[in-house]
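The two complexes that follow have chain A in common; it is paired with chain B in the first and with chain C in the second.
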Partner chain A sequence: MPGLLLPSIPLFLLPSIHKFSKTGNNKRNAENDGDLPMRQWLKNRRIKEDIQHKEWEKSLIKSKDFKKIFYYNKKTNVRFGLTFMATLIDENIIQDGILPNLLEEEFREIEDIKQLVPVADVQICDDPSLIEQKLLNGYVMLTIETELKHFGFIAAQKEIVRGLSQPEVEFSVIGPKEAFVESMGQNLNLIRKRLPVKELIIEEFTLGSLSKTSVAMLYMEDITNEDNVNTVRQRLTNVKFDAITDSSYIVQLISDNSNSPFPQLLDTERPDRVAGILAEGKVAIVVDGSPHVLITPTTLVEFFSSFEDYFLNWILSSFFRLIRLFAVAFSILITPIYVATLSYHYELIPKDLLSTLITSRREIPLPPILEALFLELTIELLREAGARLPTKVGQTIGIVGGIVIGTASVEAGLTSNVLLIIVALAALASFTTPVYRMGNTIRLLRFPFLFFAELWGLLGIVFCFCLLLTHLIRLTSLGRPFLEPLYPPRVMDMKDALIRLPFEKQSKRPIFLRTKNPTRFSKKKAKEKKDIDE
Partner chain B sequence: MKKLILFCLVLLLSGCVDKEILDDINIEVGVGYDLAEDSKDKYRGTVLFQEFQPDKTVINRTFSGSGKLRQDLLLEVTKQSSEPVVTGGLKLAVFGPELAKKGIYDLVDSFQRDASIGARVFVATSEGKALDMLNGEYGTRGNSTYIYNLIRHNIEHRDIPQTNLHILANDYYQDGKDPFLPRLKKTAEDRVEVVGISLFSRDKEVGILPVKDMFFFKLLVDKYSEGNFDVKLKKGDLAAVKSLRSKHKIKITDNHASISINIEGIIREYTGDKLASEVVDTVQKNLEKKVEKESLRLLRQFQELGIDPVGFGQLKKAQHRNFDFKKWKDDYKTLGFDVKCNVTIEETGVIE
Partner chain C sequence: MKEQPVPERLQISPFLVFYLVMSMQIGIGVLGYQRIIAMDAGYDAWISILFAGGCIHVIVWMIYKIGETVGGDIVTAHKYILGNFFGKALCSIFIGYFILYSLTVVRTFVEVIQVWMFPELSTFWFSFGFMILCVYIIFGGFRTVVGTAFFGLVLPAYLLLTFGWAIKFSNFYNLLPIWDHSIKELLTASYHMSLTFIGFEIILFFYPFIKEPKKSQKWAHLAVLTTTLIYTILAIITFAYFAEDQLSKQIWASLTMWKIVEMPFVERFEYIGIANWNLIILPNVCISIWIASRLIKRVFNIRQKVGVFFVVGGVLSVIHFLDSRERINTLNDYVGKMGFTFTFIYIPLLFAAVMFVKKLKKGKKK
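Up next, the complex of A and B:
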């Protein structure tokens, strides 16, 4: 049983060598005098020890950026080595901060680096299993010949960070213009700056067997429901995946129903939005390397609320939210209704509209469904092409596609101009969704509706709507109902759902979050008149 | 497995639905029925279609056929039409004079049974053949739209009481009420006008109400929201009362019905010198008197004809337990009436 034997050797050796190296350090001069057998014995031991060390080195040494350099201290003549990955560390830190001190000052043992090295993050440990991870996280490892069981780690990460820029997906004219970047440290800074209280807890996880991505879970200690926090923690620790390169991976890995076209975690690139929802009692997940922070638990209506709604007067923002909801319904349903009505329900068409529809369709060789599919696919192609092409070419394609292809297909008699207007409007309406991820879902939803409209007419649309509703009712986000406050009906939560009531009316946190402290502020105190008002 | 079955059902069941693509069908928008000339129990039907031209004009196209059932007509028409004929767009049904006297309900019943025909189809009778009526060239939006709009705005603003297929069927099936229909006449190749109201007993036309009585008729059976009436004054002066709103209330006791009619309106035109408040009072009084007199005359006329378009029987039935309709038929003949009218002139325009 080699597996059992192998660990037993270091276990047996460890204490003895440890002791010996300590004494050896003290009797250094005596050894030099020439106790030959003793030295030979020590050397043999050292070689064995070296081989053990080399286990982690074996694969690292194949990489070109693995560096191991030895130096001698000028005063004590101690030989020490620096091991690091050249691509991960900032060489300036070694040159200016570490080496001059280690070479010039009196440096005898590892403990001394805490005095000598002017770097904040300096660690000393004796667990060789940490070496690999530390090296790959951008630490410089310091070893001294005389202290083989101790290693010093000095942080010298090279940070290549994109500067803060304006939010691109969730741009708002009013309000802050900062957006998250790819570095987690920077992102956490943006959030903490907005919530400078001790209750904001940041828990960190390392996920991905290869990518070792840092993932942080943020919540407010006295507000957020313990169950929600535990669920997120459990789901995150249970993630089994090798490389997590973006928060979108986490969305798919930890969502309640991964077969649903609906995103069950809201992603945002606005730090103000994250601060806002943390105060409401939700949980945020920050993933290193991703400029999108996840928000959970969330509801369907939240996907149709833009954070700009909170910057505008409540009447305006309520109106815009309703417009957005209408736009979604319009975008999903209008083409299927066109197909259903024209194929099955001519009775429903008002007599004044009849002439318009019939004259526009008179020369069209395709049945309404093919006509609609043709145009819908054209629009989808334009969108895909527009998204893949460089910005400037993309704009041209948009104009060329929209005007030229549309007009040409009408003139060629492939589609009716009424449908062209309808499809263009539907495409426009689908862009009003503030969350891009939901916009994609809406794009997709149109097609099953079209399919059923072709099969059964309006009955099919109703049937498909029932399917959609069933799916939505069954959907949960972190175990909380996704359709709340519409179903289950929660009148209290309606204050910030389809419409947004003024802030005075928002004194309670959302019910469905079951927060520990459901009150945001005391309504009574807010209403109290100050002396000066009287 | 369940989902697979469901999916198969979705696909298979789609075969059960008939497709009627808008531009591949011929939508019947108007229909006219006349009695056939040769045999007495057959009728001749005319179906009106609209053909939309690319320059937005409408061509009226009519097909005729004869038969005993409405289905026969559809069969005949389908033989002549290039596309399948569908009935869901029907807006107007016109019955010729002989047919109206003979009874229309067999045909109206077929409209009722056809689920694709709406309840708000206008049914009318015609003076002259229905075929000729549908064959004209009225307006630019098609004959059926023209006549439909003609009837509709006359209901909304003028003297035709509310009527449509639903009300017709309701009146027909209800004991103690008789239906009535607007009566139209083609006066020129491009002109149609309302010439009165056809009064029915069950489904047979028994009388025609001339245009001059339509105002009083509507006061009795319907309410005005925007009416018009000219009141004659003594010295030959005329006052036009506009924006009439009316309501009627009927109280029915054992052998007597008292009707109170309430009219509100404004004077828009006056041909005399000065519209003093005494004149306004006279207008009110004259109008009251006229309404009371004419209404009473109409009610008597109905009584003589043995019809009940106002629906006294139905009213009485609603108020009395164990209502005996057979007895009511006799009672109606001796029913006494009194009409009380109250007119309020609210304003007389901006010039005093």
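Up next, the complex of A and C:
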């Protein structure tokens, strides 16, 4: 039989054959010999039908990787075709899992594939509108000449998965070392493994008119507030965008105020953090193709808490949180304060300290604001250049920039060395924020403060602080106040905000989430106190 | 016409009334009230502070009684007594009062800055920036205004400690002998003190925005009590720090006391203090503009956003002409008198009227 010829040819030759099968010339000649005229006519008609491309095929056929091949079953002589996108499917699955059985075993109708094909995801459907989408999702379509209305779909996706690696942005010395990867299946696995309960619900959406990105929303049934879940669901379904390539797109598309420099969704690459917040009653959003999972609703203080805080003793972690808070305040305010005091209020500084400052500034021709701007911009340039360059070159640039430019500019008399110390410390302090996105915001915030410091001195700094404060008070994450538990003040939620109290005190879930079940564990049992020597 | 109740998501928790009342009370007056009360009652004036504070509790109680009876704010109360048209007409006076109040606060603060920090500061441009900030806050809704009040009270609270430096140089024998002034002098001092205390009357305007108004009453009383204590302690420290003749020359006694503060890295603490005062002044101005614009909305049925711009425009167009110390002083006196009349004379009258009408209505029902 001529049809038998095909499977024996290695698959890498398929493109050429597939061309034949499309035009059908070769086959027709071959089949002509010894066939009854009636059968031949039928065959010809069939081939013609094959050539008449259907609507979905018209554009797909322009692509090189579109394959459509026909085979004959050995036993029943049924002619069947496999259609697929060669770049999306794993050829090994076709070669080992699909073809041997379909060719050798008794195969008469589409239904038989459920018995014959040893692949987990096998579907049969009769809706032609699904074809295009399924093909592009890595399914192999099986057609059979006797059943034109039915199609079988066999999953044969080629999974190119990066191996699990250590978290790079949110590295922690202690605690798990797994980080999310780009594949959603893998990421969901990492989360589900940590929360093996039926209450963990994973809802899936397909977003982006071009990218068709799968986006999953995760929450705990019976814990997470339904309003929050509904809001996320509604915002996700309302997303209008063509290509969503990363979770950062989702952050910007669904956040409450897109004109704010503050990120209103927390992103993390740690599966343990996601498991932790799901148990708290928050919602997580996993986007296919992104190693960052989004957490919502979130608060400002959460951006200053590293997940490592929970691995350490509460006294240590509270101390580190306070250090970070101080670092942020320092990083934003110190250069503006320098500019304000040296431009307007040098009376503010005690005599001894003033002499140090004056000596270092004695030969500087620039006013404090220009001096500060010059150094701040240098640091920003270094940071920006360091971020764009490969690691090794980046390090060199850091050294060159930090040491050479810094020292040289002091020696050249462009900047004072006190300011150099201040700016370097401020840059260092801004790196202490555990969430990278927040670090970026802090970088930006320094400049309006500098502007107001030059305008109205200390008063301007407070004025700018008021602006910032108002912005933060107005900001919401998923409709929940962003500044909580600072404002609106919730003493109960303070247990895990600026400081972290021990786990025995954390028997309640955060109030602002308005969870269905606010109790994490029975406080009574935890509180059972023992007497001495008991 | 039935009034729409304020939706719950816009309402505030009862305990936030504490911060609202306190931050409205503490404002520009704290910087220099000591001289004014000492003019009449000398160094017995701290008794007057306590007395004035006590009177205020009665007024707060009346305010809550009014709110409870009519189930709404001051406009509802006026409608309750006078009917729709006259009630609203009478309320429109308060729009003017609160515009003037915000104007006074901003102008006085600018004056403090001009005297102590930047003599060249442009009144108009600073007020302009300040007003933009206020508009930004008020557009965030009442909750944002309350948030400003909260932070405007909590964050600068550390300033209280800095007055501790003055204690080192104080002589508490200054206060003795106690009670060597007549009752009349003490009462006059109380009257002057009441001007610094004014601000608690705002409860009458945001009453419908409190989630469970009844629960908030204790917080309002607590706020008044705390302010009274702060004022008393500060006054006592001031009296101990300055000699009586010296104090009579200190317009801003609190600021002068900051001059003594000395830390290894900071001298002349008044610069920091005045800059911080920006945060304390902010809720004062914001709340009064919010109330004025809210009243405009309630009385004239104009959108509150338009009302805010109207108020801000009004303040900005006038502020430039208040350029001398005398004018600012006159304005302060004028607004103070208005405030006194409103809180200590009008509110009891309103209270009596409401109670009277309530009895009448009850009688009719029977």
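List of remarks:
Everything that follows uses one rule, which is that the second predicted complex is superposed on the first by the 474 of 534 C-alpha atoms of A that agree within 3 Å, B and C clash if a C-alpha of one lies under 4 Å from a C-alpha of the other, contacts with A are read in each partner's own complex, and residues count from 1 in each chain.
Keep in mind that, in the parts below, a contact is a pair of C-beta atoms (placed from the backbone, for glycine too) under 8 Å apart; a residue touches a chain by one contact, two chains touch by 3 or more.
Treat the numbers as computed from the prediction; the structure is a model and nothing was measured.
In this superposed model built on chain A, chain B and chain C take up the same space, so to speak, and clash.
In the superposition on chain A, A:Pro118 makes contact with neither chain B nor chain C. Legend: residue contacts after superposition of the two complexes on their common chain; A:Pro100 is shown touching neither chain B nor chain C.
When both complexes are overlaid on chain A, the residue A:Ile461 reaches chain C alone and has no touch with chain B.
In the overlay built on the shared chain, the residue A:Tyr487 is in contact with chain C alone; chain B does not reach it. In the overlay built on the shared chain, the residue A:Pro502 is in contact with neither chain B nor chain C. In the superposed model, A:Thr470 lies in contact with chain C only, and not with chain B. Contacts of A:Gly81 after superposition on the shared chain: neither chain B nor chain C is touched.
Once chain A of one complex is fitted onto chain A of the other, the partner contacts of A:Leu342 are limited to chain B, with no touch recorded for chain C.
Looking at the shared chain after the overlay, A:Leu353 reaches chain C, while chain B stays out of its contact range. Annotation: chain B segment clashing with chain C after superposition, chosen from 60-68, 96-104 or 168-176, is 168-176. Across the superposed pair, chain B and chain C both touch chain A at residues 344, 347, 349, 456-457, 459. Those residues of chain B whose C-beta lies close enough to touch chain A in the complex are 10-11, 13-14, 17-23, 25, 27, 29, 50, 52-54, 56, 58, 86, 88-89, 91, 116, 118, 141, 145, 148. Contact residues of chain A toward chain C in the complex are 344-345, 347-350, 353, 456-459, 461-463, 465-467, 469-471, 473-474, 483, 487-489. Of all residues in chain A, only 341-344, 346-347, 349, 351-352, 354-355, 357-359, 361-362, 364, 367-368, 452, 455-457, 459 touch chain B in the complex they form. Chain C makes touch with chain A in their complex at residues 12-13, 15-16, 113, 117-118, 121, 126, 129-130, 133, 136-137, 140, 143-144, 147-148, 150-151, 262-268, 271-272, 274-276, 278-279, 282.
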